[in-house]
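First chain written, first letter: the chains are A, B, C and D, and each begins at residue 1.
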């Protein structure tokens, strides 16, 4: 059950260049949250900027809702100024999260795509002795914060991370799809049965294609401009494989890759 | 010469309920400022609220521009949140200030009208051994801050203040015009030759009428909604005695009472 | 809060517990917002525009934020009449509050057919004809800019609607909406609602492309409130003179109870809350409560407030 | 900053050092803003509307702030032609930058007379006919909503103007401004400028009175930018097809160099900065500099940017 409330900011700290970790007091939302779901967050009480911003739930811990966000434009810039104690109108949890029933899930994150993936990892760590993540970053400099975050919050012995970086400064030089291809080719017969992916659109597209090629189920967490977040405005249309559109906020943000028309998107 | 600059906030402190004293680093504006002039101040860098707010210059001291303001609506509310170190787009000094060449000036302030009057008093204290002010307030509770301010910043031996209050809690019970009438009747032959007044419109109107009756010159500092502050938009129209309109920002804010059509205003 | 004043109104043939409705296209089919509003908090809702056939709508991007506003080019995506009747209307009928069905046809005949089939539904309280959508090629705004076309569409719908009140939703993309309102009234509409969105556009200077795939879209939100108020006042004044029984439903940029009050003062009998619901899913309910508080404070009923502008 | 790219444009028969002009009614007679702008910072200015006789304008309040916008009902207050020629134009003539005189008549004859007397002034680079003011009873918007009237006024002004370029300022209070633009072009205008303000209204719920003494006023500022962009694109597309030598001057809500770039991309050859000057007296100069920086970054000249929208 989703609900709307004025969530008090517990903390809102930079964890890296242009990347912040926001913690909100929103027990009712945190308790109901499942990995892959998101919330809508109003960054200003006034009419400007007008619309709420969607953010994945990065964690839900003791009544606190964690959001990991990157400064992109005026809304996220304003958000950095939200002081502890101030209140932000928040509604959620929203949308369809990851289906975490797979036997041998493989997580794939690109850049800020880690935000929801981290929540999924926590969840899966309760279920499996080993959780595998392939993580693509630009490099240690630009994504130092994310890498630190993994080393820290997700640094459980159970999480096995392999990195790729565009500049070669960490892990394999190249794209995360290179890692994925390698993984598919070498992990036989224990090839993953499902890939759970979040990241930039070109990455998701490449991941979806690769999964199709290797006949592995694939769930992608997609972004679209959103107004309502609750399925009412029809603004967040994602072209569907069968023609027509799916709503990122309702049939998504996590969608089976096979349901998406990756050509039109 | 007026100019526009990003003025750094030196301090912005409440001095009473809903009344703040703002100090801005704006040497070029402060140096040029004369009593009765004003500045335009942008309270937000974004498009909302859109227009700058006009504020009288309350003082100009060592490169600092002082503004005494009351929280009225969203703009002044936002202004209370301007932290020291932040910058506010400011232009000025603007408009026609008080003509301070009179031999026996009498100052009359109602409520927040004290903001520009205080600057005029400082100026006149350099010229005269005694400066007389009639000051009308609602009462000691609502206007405690203003009264303290007088006792403090203007508490020079040269300033002779008489109060009136609507609730009788300080000075004479009644309106400041009662004091003024009394003063006119009893100060012969040293009746003031000019009244300099600032306050709410009904007060200014009553002061102007009284001055006309006692044949004393009267300068009133008027308010009008303003967009540009520089004489360009023609938004700040004040009905003129001879028909037509005067611009509060250009022919005012201080206007000879005889130039104003007090019936139409 | 139990308002000390009477908030009930009868508008366009429909009795409402309070004058606040949710606007078409911004409240889905009602259920989307049920987690966020107390049942009965608002007077009712206007559904997303229903067409005879399901419509997929325009390609994305469909929405973009602008200064104190937003553009949308949804393209009247909707589930279509059959699906609406089978799966959306039954739930709506069970809820307290009026159900106004917004409908959209590509021809006069389609409007008539929609009115006929929807008019036959006991759960439907009124029909709102969308002759003002800026985001579709056929029908929509093309109808809404000509009094003759508005009259024709309205007459056809009224004839089909079997006594169900017909409201006509007017476009702001005209010099003066009054002739359209008068044409609708003349043809039997019991209310006109305005404004729909202003035809507008946004450009990405980085890519030099339109920000909407549809190139143009409709502007809504606080930015347009002054235009909405002006048009409601124009139309209410015109109707008062010539068709005093025909009501005005006002909308455009309503974000607070005070905004709603302004529309009532300008001459609306009820209001609709649109984009505000996107900025706060509980907005419509909050606005109804704020309006009641305002009326109590002012000591007027909602009906008395309507048209009380002192010019 | 010395822009690495060519910012000069020729628009409506006038050569501008850069495509940013100050808009009529928002920049006085130029001198009011001289303390705040470097000489030559902008391409030029459009004066406050000049009429044959001085006009006192509407009673106050004349302005009110709205969400990301403002309403004005100045009522074309101005010093009148004689005073303008005697005391405003001489100073303007000495400044760098083009001088476009905005003029307003209550009849076709007045427009012709104004055009004749102003056209004879060497210091005047072009005339801009205001057929779109929402705040006056006679003329103004009444002319601007009918292609026939626009054509007639334009033809009369062109005949009087002794070869001085005539621009026509169009109203947004129409369904489609293109017919007005085509009529102006047909009648000899060398440019059309749009948009003027949107007819609008604000109400004080406390007093239940209009916030403007004139009841209605014109909406300007960032709130209207999406409407302005749409109309500029519509008009530029129409003129390109039928009168490719007639230019578009775009305005409405321009607050930054990027906003200005959007208007150029939509098809304007130059832009005007209006309400922004109220929010920052140096806005027009800043916007010209930001636009130059954008053009340099994108590696295009201002002329190349114009009409480069990829739809």
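The working rule: contacts are C-beta pairs under 8 Å (C-beta built on N, C-alpha and C of every residue); 3 or more make two chains touch, one makes a residue touch a chain.
Bear in mind the structure is a predicted one, so any value in this text is a computation, not a measurement.
Common neighbours of subunit A and subunit D under the contact definition above: B, C. Ranking every chain by how far its Cα centroid lies from the centroid of subunit A, the top place goes to B. Centre-to-centre separation between subunit C and subunit D, using Cα means, comes to 34 Å. Inter-chain centre distance (subunit B to subunit D, centres taken as mean C-alpha positions): 36 Å.
Centre-to-centre separation of subunit B and subunit C, using mean CA positions: 48 Å.
In subunit B, 47-48 are the positions where the chain touches two or more neighbouring chains simultaneously. Residues of subunit D in contact with at least two other chains: 67-69, 221-222.
If each chain is drawn as a node and touching chains are joined, the picture has every node linked to every other. Those residues of subunit D that touch subunit C in the complex are listed here as 66-69, 71, 141, 145, 173-175, 198-203, 205, 207-210, 215-216, 219, 221-227, 229-230, 233, 253, 258, 261-262, 265-266, 294, 308-311.
Interface of subunit C with subunit A (complex): residues 25-28, 32-33, 35-36, 48, 56-65, 67-70, 72, 74, 77, 221-222, 255, 275, 277-282. Of all the residues in subunit D, the ones that touch subunit A in their complex are 67-68. Here subunit B touches subunit A in the complex through residues 46-48, 74, going by the rule given at the top. The touching residues of subunit A, counted against subunit C in their complex, run 1-4, 42, 47-52, 89, 91, 224-228, 230-239, 243-245, 264.
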